[in-house]
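Across the two complexes that follow, chain A remains constant while its partner is chain B and subsequently chain C.
This part shows the complex of A and B:
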């Protein structure tokens, strides 16, 4: 499988949120007005202007308090359900060189709710005018030989980026090391997505959508039909 | 093949279009909504040190070469020995120090019991600070303590230095404060 991938080692993440801020900074996204909700997770959720968010969870596992950090972002699926739902390469398409799943301003013309609901990881967020936005893998940086802003800034090495093959090898190597001290360690959906998380506890404890929710992967009837007729609609587009 | 001027323009036009599209690494038909040129491509690069904590990470500041020279981007300096290109959330937000609509551009003054802050010139502000420091110091300076020991101090003025001060600035600052007889000299660099 060519293209690029991320490896996010949550066991190294110290939740400094450098990635979250670097993402905002590079994309010139505005700050959000927030209130103190008793957690460092801030803002509360991803939004049209927040593509990257470090999620904080305090859980008790086997009588011990664990503070779990999950730097959430678009997984850039190998077969993106959002792209299938949109079924309009002018709105959502996959970049051939990197595998980045990219949204354009044309997402405005689609059913935003359908696109958001199709995501197994609950990532895309619509604006008021219906345009949908999410992580773009810093495609401008990557095409120019730079690392994505979040990976470049990460002080602990939790965020990694590179050619998919090398990233997969890195993830498996690191998993073997972490497994020695933590039997619950695992990689999340490594064969389906380009953003591979390594977690040390049950992934559901980190975030409800840390792994693909099975219900979301059930393709709706409308999407299935669109998929079936796709070659035909592409052909008519060209005529 | 003989190429007329019109033919040449047509060919070069087609080549340019082909180049423009091939750079996208994507099918010819869809149109990308955003340009793939780095926003820092034509920017001037200057190195700096993050002013926040004592780690002293290096950063690169990208400023516009044309017009107002404002900050376009600030990110970690990969060549810097301390941080090797990385920055924490505070460092990653450095550009917000200068490019910020909430940034104060001149001293603000709130008169006693007033609710509103009003802008004030630097000359006015410095004169006012000097006047009040002198007044308080003259009124509270003690040469000897209760035991008759020489102390030459005032305990009615305290100083809180900024974490954005560097080592040398801190030295000059504390030298001034000690000369005035202050004993409460504080600095906020332990975040």
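This part shows the complex of A and C:
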């Protein structure tokens, strides 16, 4: 599988949130009006203007306190359910060179709820006018030979980016090391997505949508029917 | 730092205590992560489980203000289990020195204490000298009056049961930390400490660091790669500003501010130049007069002559026994004894301990000049909460300064690296570089003093020629700091000669006869005839491949990246750590880092090479001080409770608090211990999202989005006790002030068991202030903290105090 991938090593993430700010800065996204809700996690959730969010969870595992950090973002699925649901390459398409799943302003014309609901990781967020947005892999940076802003800013090596083959090798190598001291360590859905998380605990403890539900990639009947009747030309259509 | 940021990656065990590196020094975690990838253990000791703790192999909770008890227990553990590096301790530290009979320790007090003045007579702690005037030693560490056995006796009381009772740390956690860290005493292993204000901002701040330094010396961890005592500085140029005498008690390069009794240059140099009669002691400070005279020549140029003591009389003197620290200045300001105040690049209305007192003090001023990037709580204090602008007489002037990237110059980071920065964008609007503002201010003052003025000579005679084309020139200042030859000078012994006007190549060439200048001897070697060393960007590592990168920037002293490195080798000059070695003696010379002096190794203790020197060249007697008779509050560290604490009685001794700690007596200085109105231990800290008082970060939308409000963190148990819900606004109060904040109810704080009782602790970030965000509802946690501090440094005790939190 060619294209690019991320490797996010949560065992090295200290939740400095440099990635969260770098994302806003590169995309020139406005700040949300927030309050302290009794947690460091802010904004409360991803939104139309927040593509990257570090999630904070305090859990006790086997009597030991853990503060788990999960730098959440679009996983850039190899077979993106959102793209299939939209079924309009002028709105949602996959960049051939990188594998980035990209949304355009044309998402405004779609059923935003259907797109959002189709995501097994609960990522896309609509604006009031129905346009949907999410992480774009910093495609403009990547096409110009730069790292995504979140990766560039990470001080510890928790965020990594590169050619998929090398990233997968890096992830597997790191998993083997972490497994020695952490038997529960695992990679999350490495074969289905381009953003591969390494976690040291049960992924559900980090975030409800850390992993896709087991049936997430089964194509719904509606999507299958749509595909069946889609004109062949549109499969290769690019904006 | 004795070492530097990259070097953290060489460590086998990193203890983070008194700091929260993941949140406040996030880039340092690059090197922590690197060390951990190579198998290093990370220990986090903190009252609160932090983002640092979340990455640690071992987390140990500890009540704020009990670090000496915690670390003292480790000293006992190391000594009881003989885990120290015997050769190192015997050869390089003053453990073998014999302490005089007048030294004693009883009921929590060292000998020589005078309760009237709250001061110690330090002469009672003197070493015994032999007939040649050299300290008597027992290298076998068997003499009962040896520092080593006195240390053992002193800390024999610090058993884990008692330590646990004081700190609240479970005994099992104590033992786990002790065992893991003490393992670095093994030859070839290195442990490091990363600390910050969590250790220093206490009435026992200096002794906290001393305790850790003793541990590091016992384990042979000073001078080696991956070791050292490493202060994480809170701002990118704190190290530089300290080196250049930001503090009242020093001149640049850690020379002393003269006392009134130092009536002449000869008296001053005589008082502060240490004299050793030991031919094997380098006693580097014996060069003191060369540095002080060169500095005076730098300040006053041609006006400084031998006949007028090089202008020594023009330098301000401080009264004997009097202190002029931040706490003292605001105290006298509060009492109406200060007319004018430059608040330069700071925000005392939020950053001061007892910030309410500082705000009130500013109302007593005639004028204030606020030099800063933006208006802040200090410049606008007169219209802040509780102020009536109509009754505040202080006239405030705002001088907008440009931001660091808009000017050229150097910063010196925690690792002592002086790094040159070029100018990025030009200063915005009317803002100007600090250097520009200072130059113009000085020029105007000089002009005014030419006409008249009280004691005009110091200003009139000040050399003030750092401008090019009417603008401040940072290169001219940097060269002045390095220093020049002021006449042709020959050094026959070194077979060198220099011409008038040349830059001095290193402090070894500075002289006390007025033929050289140097604004700061420690920086002599930074800007030489070879160019601006700080601007170098060489990417090549040194021969030992431990990340020294000697051609990248420049570090003091003389580009030595790891100081005290003569202690990183055995007596033959061979490194303790064969893999990550710092320096090595080839038989002819030292290779690796710039050695702490080029003398050959000692060879042996019985028959040392007469050409050699003891390892710790900055100490009078050449040995690192496990016994430190120069401190104001005792030669050994001792656990005392904070000025405000939850205990009636110190469980360690009869002396509750540091007997030398300063207290102030204005009505704004209330202190409450064991007062039911203030039952909880409080502490303050920073968060990664904000910078210091938040002046630069609170107006930044992306940062205020992540951390929008001042908060108080508390345990679930305390929240239940007080009926407080997570996320609700509560009132926090102390004997000095109060503020509203948002409760974060968390598993990351747990009640402590102290002497059989439950003690709750809470914590606040101090990076907020009423000026921004625009709600005006977020205040500084320093409204709660007390104005007291360490007797050696007068750093305030903001990290442990008593407070309350309650529902609104």
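In this text, the second predicted complex is superposed on the first by the 224 of 239 C-alpha atoms of A that agree within 3 Å, B and C clash if a C-alpha of one lies under 4 Å from a C-alpha of the other, contacts with A are read in each partner's own complex, and residues count from 1 in each chain.
Going forward, contacts are C-beta pairs under 8 Å (C-beta built on N, C-alpha and C of every residue); 3 or more make two chains touch, one makes a residue touch a chain.
Keep in mind that this is a model prediction, so the values were computed, not measured.
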Touched partner set for A:25, first chain B, second chain C, both or neither: both
Touched partner set for A:176, first chain B, second chain C, both or neither: neither
Touching partner for A:39 - first (chain B), second (chain C), both, neither: second
First, second, both or neither for A:155, with chain B first and chain C second: both
Touched partner set for A:139, first chain B, second chain C, both or neither: first
Contacts of A:69 with chain B and chain C, given as first, second, both or neither: second
Which of chain B and chain C A:93 touches, first, second, both or neither: first
First (chain B), second (chain C), both or neither touched by A:16: both
First (chain B), second (chain C), both or neither touched by A:61: neither
Chain B and chain C contact sites that coincide on chain A, given as residue numbers: 16-18, 20-21, 24-25, 155
Touch list for chain B against partner chain A, complex: 23-27, 29-39, 73-76, 83, 85-93, 95-96
Parts of chain C lying in touch with chain A, wherever the complex brings them together: 22-23, 26-27, 29-30, 33, 37, 49, 51-55, 59, 688-689, 701-709, 711, 725-728, 742-748
Residue ranges of chain A in contact with chain C within the complex: 12, 14-18, 20-21, 24-25, 30-40, 42-43, 58, 60, 65-69, 155-157, 177
Chain B-touching residues of chain A, taken from the complex the two chains share: 16-18, 20-22, 24-26, 28, 89-90, 93, 95-98, 102, 104-106, 139-141, 143-144, 146, 149, 152-155, 237-238
